[in-house]
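Please find the structures below.
Below are two complexes that have chain A in common, paired first with chain B and then with chain C.
Take a look at the complex of A and B:
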């Protein structure tokens, strides 16, 4: 087999034409990576401002080619025989990853500098992980998806165990690593079955083969299910979510934010690409699987979140539940209805963007508050409104947005999820919509609990001294809160963006 | 002037409070008087805009949308910024704009703990935007947004400025309402897509005008009933109807006086308004199926609310339970699906808003003077503060439906309408409802007079015998006088509202009455 494979590749091999414009975002990230290592090794210790600035600027610089690509006429650029595609979808998602990465740098700046952690390696790994995500946004081939996944995951394993002097840090990192590797193995097995059956790794070809005779073979079902399960781990869908709470609690809080937003979004990007480009031929397999995953994820995440007393753990379960919401439209995937398909991708992209903004913003507040309280316990949030009114109001905005209360961005995004689900018009679609409605209410209960702590309860020890929030954190909160409120009132531009991104992949 | 109002009147009325709120945010916390003035100016200017529209309103065609504006909003799903006012919404908009300035005036020296006028007034202004927005929105999604926007300020009003048990009350209030509206979302989308399938060549719409014109034609009966169910949950919780009413006594009791007044005067009306503006015109056939259920729950609410009142020891909680009973009459009127019943319902909404708002004002002032609302410790208000005592007597008379005062015109025609409900509804059933509702009025007289007796009559208890109780303040007079005047005016000349609402109601029921 390897021999024949090699024979095939040598026969058709020709030097690929590289579209440097399309690769520019990745190239810039790679250069940033290298610079981070060099700067860290030649400069003296305590260069706290250089490295975060370098990493942040690198990500912003990578946004420039993303923007120029977006306004260029070429709707879609295919490289390496179609395994690497730059289209509107990948551009929007790359932009999301880069912004999320930038905000993570803002969140990390003081946290890492003050915590006496290894800064050079930290930012190196962070940029590497973001590079993996940007790669993932363009990967339309089983192999490039796998490479992208490993590129984004391996640095994330290290980052998650960054607090190596604490028990929880080690435990969280270890769990994340073992579960992640386990998931990779399962996924790889699934991919190998699909490759074995179709003889292709390119998703487009896999899609065609599934429409053909291979589609009806049982092995195809196993391949699809195992591949999707691998990513269910990544997006922390129940029952593959066990790692999330411990890892989120043990990891440095900025990394928790990064994992719960960017890493999860990367998993969804892969799911969208796999399902919509590759597996649409067997939508009858995808649909029930996603229905069960989404319903379970929502219920389990929400119900367990109700019982949490630690803010970070609360957000861990909240992010599990949110993943369930994002999965929900996949439960009505129908290959023969293009309107439904594009609605699904559009709503998922929109929600990913909205979720990233509101969750990052919420974590910015969490980091700011725990700078004073030094703990994530919910009790320490009592009376936040009396000693840090601005933080309390900002947090309330994010919480209501996560709960889906207008006029915040979250409600519009959540409404579009409902919209996509109901548009299928089947009985199971309405059932899913009702499940989502019930879960919206449950989720509101714990978001409200936190709001109540901040606004209604008294400060735990009567301590009302105001706190000083470092500039990077203020910037992170200002960026996210502004977008969350403005895009909530005027949802047009962002939905248009999501819509144009959709056409590329589902159209 | 006319042109300006025509296109921008409702928008101005909706968003002026938001502008005022922004100004308020820019004012330092220490400048309390300035903050109060800004809030008063804002609410008054909203009132002026609304009054100007009241003058420009064409009373000969109350069934058509006036001052209409239609702009694109979320193009991707064809949701539009469509607003307008017709005879059904006009009285409620006037009520909202009317109540707010007086609530601000009343607040002048009655700020609830923790005294933070800036935050308190900010919340009131956001609330006003949400409430007016609900009544002017002619797009289902836009309505939904405003419907939810109302929740946030009210949650904080109760949660931050409320009584001892405010945590529980605010939480319950929020979750109950969110529970209802989560299901409404599903119903809204179902209507949207079914419209696309049945009419509208594949494009859905949220436009209330278009959806009402369609009226759910061609839908399977059960589909319509289920969709109506989603709306029913959302609006039924808000009204609140039995058995979703349990949030109301808690919210009312714990809310600051101003919150209670707004809750009673306007917020509850969002639910009943939703029924007559959205649920019934959109799904008239399903409405007929639901009507007996709504009627039954309404009369249960009337009796249950009355019995609940008799079991209370707290004056504010008693008034809250009386709201459940009164909204029962409104819902009974709606359930008949007749023009008479729905006209009565709208009248009932306005009357209840004025009267119960007034009762809550008095309860707030009693609490302010006596620091308790426990009726076993109160008594002799007429001796201690005669003016307030007489006003309480007046409001109680209005509330129990004394002819000649506004309360009567909400209850009596509703009962009358139940005698001959719309075609297709069972007469015996509705006549039974009518009898039960009529018995409810006796209960109402019972518990209200009982309250009056315990609070106002007799001698003050020993506790307060020698204490000086301040009778009404100047701000009390200014804030309350207009309520009293309106209660009398509407009681003597109910045509003032019936004239406005009738055209619109007849039009919205066209699908049921067959004209």
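Take a look at the complex of A and C:
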């Protein structure tokens, strides 16, 4: 055996050719990270506006190479022997992560400066986590998926436990951490089995091996299931969801928004890449697993959300239920039907974009309202329309969009999900569509309860003094609400974008 | 065959680790159980790598070791902060919000 190992090392080494254009978004984020450390250590005042601006500008600057890559002719660029692929799918998802990161910076600016928080480390970790997500969008190798997952998770564990002097804050962070490392350890065991069976870590090679003789071995099933479980945790699918409500409640609210949107989207990106590039050879394993996960996630998330009295917890369970909706198309994955496959990827990317915008916007309103009420209890939302009409209308837009009422963006996105599921045409696909329809109705119940509170109920203490919303929060709401409404009325451009976001599966 | 013995050892370690995570109530012991699972992964990866003559398994194992160190650093920091606020690392008592 030692001889065989030596034989490996005698292969000639060739320097990899780096496509700096394809790497530019990550390079810019890394430079921003370095600058953030330097600026933090040399600035005398702990509360300055330099760091949030630096972090925000860094993410916007990283969007520029994403855009130039999108308009360049190369539809897919491969680096490092195919373990890092920049294609249309990864570009759209990178843009989503960068915009979500930027909106999170906007949400954080006042929240972090006014609370007793460490600013420098906060923005450093936020940018690091976004860098992990952008990396995840291009990772097409078991090793790079693992590294990307940890790069986005480890800063997120720290950010989730940022309120370390309160008991609930650190408790939520610890639950997130323990469930997270446990899930990633399970995922690694699954990956090690897949590597053992196929002898490859590149997803394309794994996919080919699964189509071959390894595909019929029982160990392939164990490997696939354990690997997918790791990401089921990341997207807070039931039964791996019980960290979510506590973590969301304990974390600083901007981080709650970030976790429920960006971190969840990163989990879905990894799931899409693993299933569509790697595991299509065993779609008979993926289908029932995703069916059960999606159905359970929708029902449990929605039913528990019905009896929440805290707005942040309500959105925690709502985001669990929304994850079920996004998982639903994966329950009809069929390797032999390319039309169904492209429909699934398209509808999931569209819904991820829509969900990110409407959830971030809703959290912007929650942060703005709790600046005055100081609590997340739903009673404090009574009569919001009478003292903050603009906030109430904006929130209603996001709630209608989350529930799927036309003409908001959420309606179009949800319609595409149904379309992708039904187009598979099997009995389980129709069952899944019925489950989704039932759950859409249940979710409307609690979204509309909040709307009723804002517009019909009276203010709890008769206090009608208007509210002052800081500029960054207004900007965050304006960006998200505009896209949710405009893209809902004119669905064409965003749908075309999602349609063009194809995975480079071949090669 | 030699490979089987490595795989059995890894599987046993994995099971002990999973049992530890589920059954143990002490935060530090849960962390150690996760480490056991990661070691099972490393044994698997290196054994498979030697069997298939593919170097990527060993590279993967190196990444796992490095990342696990970073993870545990964060984990110990969180456990320390928990001890400061709750005066205990017993996970049953660190449950104010109850899911």
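Criterion: the second predicted complex is superposed on the first by the 488 of 507 C-alpha atoms of A that agree within 3 Å, B and C clash if a C-alpha of one lies under 4 Å from a C-alpha of the other, contacts with A are read in each partner's own complex, and residues count from 1 in each chain.
We take it that a contact is a pair of C-beta atoms (placed from the backbone, for glycine too) under 8 Å apart; a residue touches a chain by one contact, two chains touch by 3 or more.
Since the structure is predicted, the reported quantities are computational estimates derived from the model, not experimental observations.
Contacts of A:139 after superposition: neither chain B nor chain C is touched.
In the superposition on chain A, A:199 contacts chain C only, with no contact to chain B.
Annotation for chain A, partner touching more residues between chain B and chain C: C. When the shared chain is aligned, chain B comes close enough to touch A:455, but chain C does not. In the superposition on chain A, A:469 makes contact with neither chain B nor chain C. Legend: residue contacts after superposition of the two complexes on their common chain; A:312 is shown touching neither chain B nor chain C. Of the two partner chains, chain C is the only one touched by A:168; chain B is not. Residue overlap on chain A between the chain B contacts of one complex and the chain C contacts of the other is empty.
By the touch rule above, chain A contacts chain C in their complex via residues 1, 4-5, 7-9, 142-143, 146-147, 150, 154, 157-158, 161, 164-168, 170-174, 177-178, 181-182, 184-186, 188-189, 191-193, 195-196, 199-201, 242, 245-246, 249-250. The touching residues of chain C, counted against chain A in their complex, run 2, 7, 10, 14, 17-18, 21, 27, 30-31, 34, 37-38, 40-41, 44-45, 47-48, 50-57, 59-60, 63-64, 67, 70-71, 74-75, 77-79, 81-82, 84-86, 91, 94-97, 99. Looking at the complex, you find that chain B touches chain A at residues 72-77, 141, 144-145, 148-149, 151-152, 155-156, 159-160, 166-167, 170-171, 174-175, 178-179, 182-183, 185-186, 189-190, 192-193, 197. Those residues of chain A lying in contact with chain B across their complex are 346, 385, 400, 403, 405-407, 411-412, 415-416, 418-419, 422-423, 425, 430, 433-434, 437-438, 440-441, 444-445, 448-449, 451-452, 455-457, 491-492, 495-496, 499.
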